[in-house]
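Both complexes shown next keep subunit A, but they swap its partner, so subunit B is in the first and subunit C is in the second.
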Partner chain A sequence: MATQAYSGNELTQRDRAYRPPALRFTIRLGKNPVAAASLVIIFIMVIAALFADYVAPYDPISVSRDTFQSPSLSHPFGTDDLGRDLFSRVIHGARISLFVGIVSVVLGVAGGSVVGLVSGAVGGILDLLMQRVVDAMLAFPAIVLTMALVSVFGASTMSALVAIAIVFIPGTARVVRSAVFVVKANMYIEAARSMGASELRIMFRHILPNVMAPILILVSAYLGAAILIEASLSFLGFGTQPPNPSWGLMLSGTGRRYMEEAPWMAIFPGLAISLAVLAFNMLGDVLRDMLDPRLRAR
Partner chain B sequence: MTQYIVRRLLMAVPSMLLVSLIIFSLVRLVDGDVVMARLAEGGYVTDDQLAAMRAELGIDRPFVTQYLDYMVHLMRGDFGKSLWDSQPVWNQIVDHMEVSLQLAVMSILLAIVIAIPLGIISAIRANTPLDYGARLFAILGLSLPDFWIATMLILGLTLWVGWLPEFGYWPIWEDPAKNLEALIFPALIVGYRFSATTARMTRSSVLEVLREDYIRTAWSKGMRERAVVLNHALRNALIPVITIMGGQIGFLLGGLVVIETIFSLPGMGRLMFNAINQRDYPVIQGITLVMASIFILVNLLVDLTYAVIDPRIRYS
Partner chain C sequence: MTTENYWTRFQRNRLSRRRILSGAAWGTAGIATAALVGCGDDGDDSGEPTSASTTSTSSSGGASPTAEQPKGYQTNFAEPSTQPKAGGTMRIANDWDVSILDPIKTAAGGTIVKCNIVYNRLISLNTGVTAPDDKEIKLVSDLSGLPEQPDGQTFTFKINPGIKWQNVAPLNGRAFKAEDVKYAYERYATAQGSVHTTYFRDIDKIEAIDDTTLKITLKTPNPDFLIPLGTRYLTIFPRELVDAGTIETQAVGTGSMILKEMAKSDHVTLAKNPDYFKGAAKLDGVEFRIQPDAASRLAAFRAGQVDFSYGLLGNKRDADNLLQTNKDVNINISPPFAAIFGLSLNLDDPRFQDERVRQALMLGMDRETMVQIIYDGFGTTIPTIPWTYIYASQPKPEQFGKWWKHDPAEAKKLLAAAGQENLSFQVIYHEYTASGNTQQLEIMSDLYKQIGIDMKVQRVPYTEFNSQWIQRTFPEATDGWQALGFEPNNYFYNHIHSTSPGNRWRIKDSELDAWAEKQRSELDKNARKEIWKQIFDKVLDKAYRIDKPSGTGFTAYQPWLHGLRFGGPLGSNSSYYEWGQQMHQAWLDKA
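So, the complex of A and B:
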């Protein structure tokens, strides 16, 4: 009897262990209060961004006669100089910020990972050349390089996106390359090679999965940075153009001109940026502690 | 040591060449726009005029010739002329360098004074409310946009204090009081972000060193906490901190662009901002090149300070 009860217990334990790794990881992440809070903030913002047309009470662009209304029940964040509802504009702004942030990071990190993977796995002259280019690109301050790129592409949301993606390539390449060097020294790589696996197969099937941890850490750290850079570019007038509701743009021009009479015009868009970036940064910190305790805080 | 410096300087040369090549190619992508932008004011343009303007700017020649020509001029300290007012770019950069330099130095000093003690306290009181407070301060510094902090600061000062520092710039040797009044808030804001990363690095680096055997030895000898931390731990924890500060110089220079624009300071950042608005490519090219050079040189200096901090490090 006792033995049977015991084996039954063991079975449920086994069942629990059969959860796919990604799910188990998410559950572990959710148990950390800081990560959970960040995930909730990010989740709300993503939902707001995806369903902005339904969530936002007003049209973010159409003007009205209710100018400079202070925050109230009908306008939770007040209205701006053109009578536009700031709450709706901030919700629609989430769409631009998150879109530019996520897409630029995915593009930049994917590009940088390929460069780092090839550079680290192939080595030799190719590695040397690629690393000199990476060195040179890393010497440019991120904002300055994006500004220079945007001046070439012309100011728009899309050029900001592409410029930010380019800025992330060298940093990712550097991190992935050094991770590849560590993985490459493992016996299983030699084993794969001895079994006749092609270099390309080794690179993508054997090395890439083992350097995913630093790549994931980079993604979360860069997401916050990407949102900040997009906001800065739009603030300076080199990103999203009016009348589109970008958080950075809302803070420039009229947001600052009227801030004494209508401080809410400058407060809420800035709070939105800060909250989004803070959530991604905190999530990145937790991820780094969980995935690689040796990687230090930047 | 001298040998090492010379070798590192020589190693910086290919990087610098690549940096210049990247900027040069970038700017060449849009030469059509430059000609068009300059002629746009004139209204109707003939093909002859276009060709003449291209010849005048020297952009009708092959790319390699143009680049070599640019490099030869660069070697002589000639960064070309502004498309806007035909002023030599180098002179403009030198004129605007002073403010940026002072702002950068003030920000770095503020960051060191704030961040290193904060990081140490955070590490030796790890997982106490004091530590949580310090870490919150640091992560907010990484997350709050500098232009929003500036806006909120100006707003707070006007609404609650009823006083604002005068916007503008007065050279420090002409009017030190006014100079500091104008620069203290910009320096605080730029320094905040810089101290955020520095404090985080100091914390994790000190935490790591505190686990070393020689720290246990120091404790067991009955040394006071102050002596253990300041004499034994800090010195060994400083190298990663200085490395990260070197790497953050890029962010510092980027922050200058935003903050100088907000506080109307005539620095390199504002020059860059104006140049982009005026599509003044030689100026954009020059500033980007100067900023990248500063980054490379500062990081060379960082490498050299390792030996000063840790005599065990020898350059070979």
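So, the complex of A and C:
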């Protein structure tokens, strides 16, 4: 059997052709116009949130006698009823909204993934019991459940964060459990078991990496929902407390009260919520299309 | 407060028409590029619309707030000369929720308003459309006539004829007797959980001489004794409900309206009592619609869905705006006579026991700016104790002591001296109106931040707030209503005496206790006034209460609502409480 020698040029071409899966995925994502637009919006919001102290021209809680100023060069989004710069408040509001959104989703999805993983992988009576608890939690609309939880914890940003995380657990658990059932039936799981791998190793080493796709989709889909729930809770007085800037809080109270004479007080926080939710939802849709093998085949 | 920044510097640059057009063109190009950004190749992230915000700023504009248009607001608008019409249900949007009905356990407006409609008082205050402009409290007949006072310590009341309890079980329309008053007063005075015991501490004995005669004898003379009996806090309830154990959930009284239904977070309905001893009400009934959201209440009022609303107008701007859309609405103004809300500290907290900390909190507050920002200048900065007791005309701020000014530098020094440079505490509060205490607390957070204090604000529901405030269980601080009263003892005893349940600040000052006791039985007007001045000055000097500014009250009435008027001397006729005394006179002129 003749052996084939490789020239240096061929190796270089192969090296050039090879791209790690994460990079290939990112490139594909970037080529998708919807995903790119979403990522740009999210990137801008994340940068604004991270560097809010530098980006915002004013202290977001600093009051002045320049109340109800319409948008101008000195106050691009106008001022509110207490003379506070709305642009600065929207920027700082992004910090709260994104922090609550990202942390609650990470916590909720992580918790739900563990529950779904254990439930699906172990099965039996444990699965039955865990799923009945999940059923009970899913019976409540998300906003109702978060309001009930925040009522118990006390209204604050952190309470809202924890409540939102808890609300995401059952949905995640149900999705991950379904995915685990599919992965569990594969031969490589049987092979790992026959080689003496422990159930814990199989669960986290062989099953978890193969159910990451739905988890990623859930993360992006839930981010928009989390921001919306935080805004809703703050709107209803259950979330972020005054004078801290929160998009939902800015919309409620004086935002609505002075909507006719100072519409900018409601428009800009509302726009920020809409953009953030839209961006995360669009990204979630794209991720689903790219990661779902059935949709990818079309 | 804001300082100069790059926006203000940027604004200083002159903007030519060409530059604006250029900016707009670049902005449009930027937006178009942004829309196309996702259509490019890998890494094509150019074309970020750097000037888009400038474009949107210059184009969004928007209507600027209404300029100040002085309008002829009055303290008393005229009632129609036509004959009152009978019929209809008055709909009231309110922010309180259903809670316990036992009059001895509460002083909160939302709770006692139902009691004030269902029950009567032994005597009453002259309120309503017939006496809206009075500057002094006047007592009038209610369940009884005004008492005979042979010696200043004995009061003999004659129950008015024809009074019956409402024809509802378990009372079933039985006759009202002097014994009923004796029972109610003795329960107010001695029952566990009563928050009104202070009013009765001077009473030696209460006797029902016969069914129509009640005699009250005092241990010591009390010049203010009669006034509390006429207030909203001391209504007469029946023994039957207490014996049945339903006094907290049921109200059957002698009043003009019968309580029909209470649905938590939804509504309270009442129907007219046909047997009311002052004549049946003109209204068929009343419906309180529980709407905690101020914007919803305003929308409902604007659309004519309700005839009256709680907490509708926080300031003149709100009143002006309402008149723009609802030109026929009647608006009454009520100048403030005392601080209505205040930052109330838990004085059992060691940090707040240090008077330097409290004084720093006083100095950290810029009351004048608060009045300008929140109330457009239509407000005042006065303490909780009405100055009317001490001065002939409203004093200047300097007369309220050395802490009644904004001096952040001195505040910082005091905090440093007290070792509280990084003071942090939480204030719980209930948002009574959309543009009242929330705004005050937001401004205070900013002002206190400037002197190193981290004041965290926590909004809580009505019932939670009031249970903590009335029962004095709030942990650190609260934005408490100041329990406005109508007799001097309310301010010079109930608020400050260390044993008084009305001392929600938990003030413990032996000198104040002594003065409070002394003034209570001082019959010489001038001598009593001297003691009041001492109390007034010391409370301010020790900064026991962090008084906030108050706005002029604006109350709106639908043009078809008549026979009702709120305001009155010393807030004696507040819309938060005083429906009962006027309900039988109210009427609707609707097609």
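Worth pointing out:
Assume the second predicted complex is superposed on the first by the 276 of 298 C-alpha atoms of A that agree within 3 Å, B and C clash if a C-alpha of one lies under 4 Å from a C-alpha of the other, contacts with A are read in each partner's own complex, and residues count from 1 in each chain.
Operating definition for what follows: contacts are C-beta pairs under 8 Å (C-beta built on N, C-alpha and C of every residue); 3 or more make two chains touch, one makes a residue touch a chain.
Remember, it's a predicted structure, so these values are computed and weren't measured experimentally.
Contacts of A:196 after superposition: neither subunit B nor subunit C is touched.
Contacts of A:20 after superposition: neither subunit B nor subunit C is touched. Contacts of A:124 after superposition on the shared chain: neither subunit B nor subunit C is touched. By the touch criterion stated above, A:263 is placed in contact with subunit B and with subunit C alike. By the touch criterion stated above, A:152 is placed in contact with subunit B alone, subunit C being left untouched. Contacts of A:242 after superposition on the shared chain: subunit C is touched, whereas subunit B is not.
Within subunit A, the residues touched by subunit B in the first complex and by subunit C in the second are 237, 252, 256, 260, 263.
Partner subunit A is touched in their complex by these residues of subunit B: 14-16, 18-19, 22-23, 26-27, 29-30, 139-140, 142-148, 151-152, 154-155, 158-159, 197, 200-201, 203-205, 208, 240, 244, 249-255, 257-258, 261, 272-273, 276-277, 279, 281, 284, 287-288, 291-293, 295-296. Contact residues on subunit A toward subunit B in their complex (touch as defined above): 132-133, 135-145, 147-152, 224, 228, 231-232, 235-238, 248, 251-252, 255-256, 259-260, 263, 266-267, 270, 273-274, 277-278, 281-282, 285, 296-298.
Within the complex formed with subunit A, the residues of subunit C that make contact are 1-2, 5-8, 10-11, 15, 34-35, 37-43, 45, 48, 53-54, 56-58, 60-66, 294-295, 298, 318, 321, 369, 372-374, 431, 434-435, 438-439, 441-443, 445-446, 449, 456-460. Put simply, subunit A touches subunit C in their complex at residues 27, 30-37, 40, 57-59, 61-76, 78, 81-83, 85, 154-156, 237, 241-243, 252-254, 256-258, 260-264.
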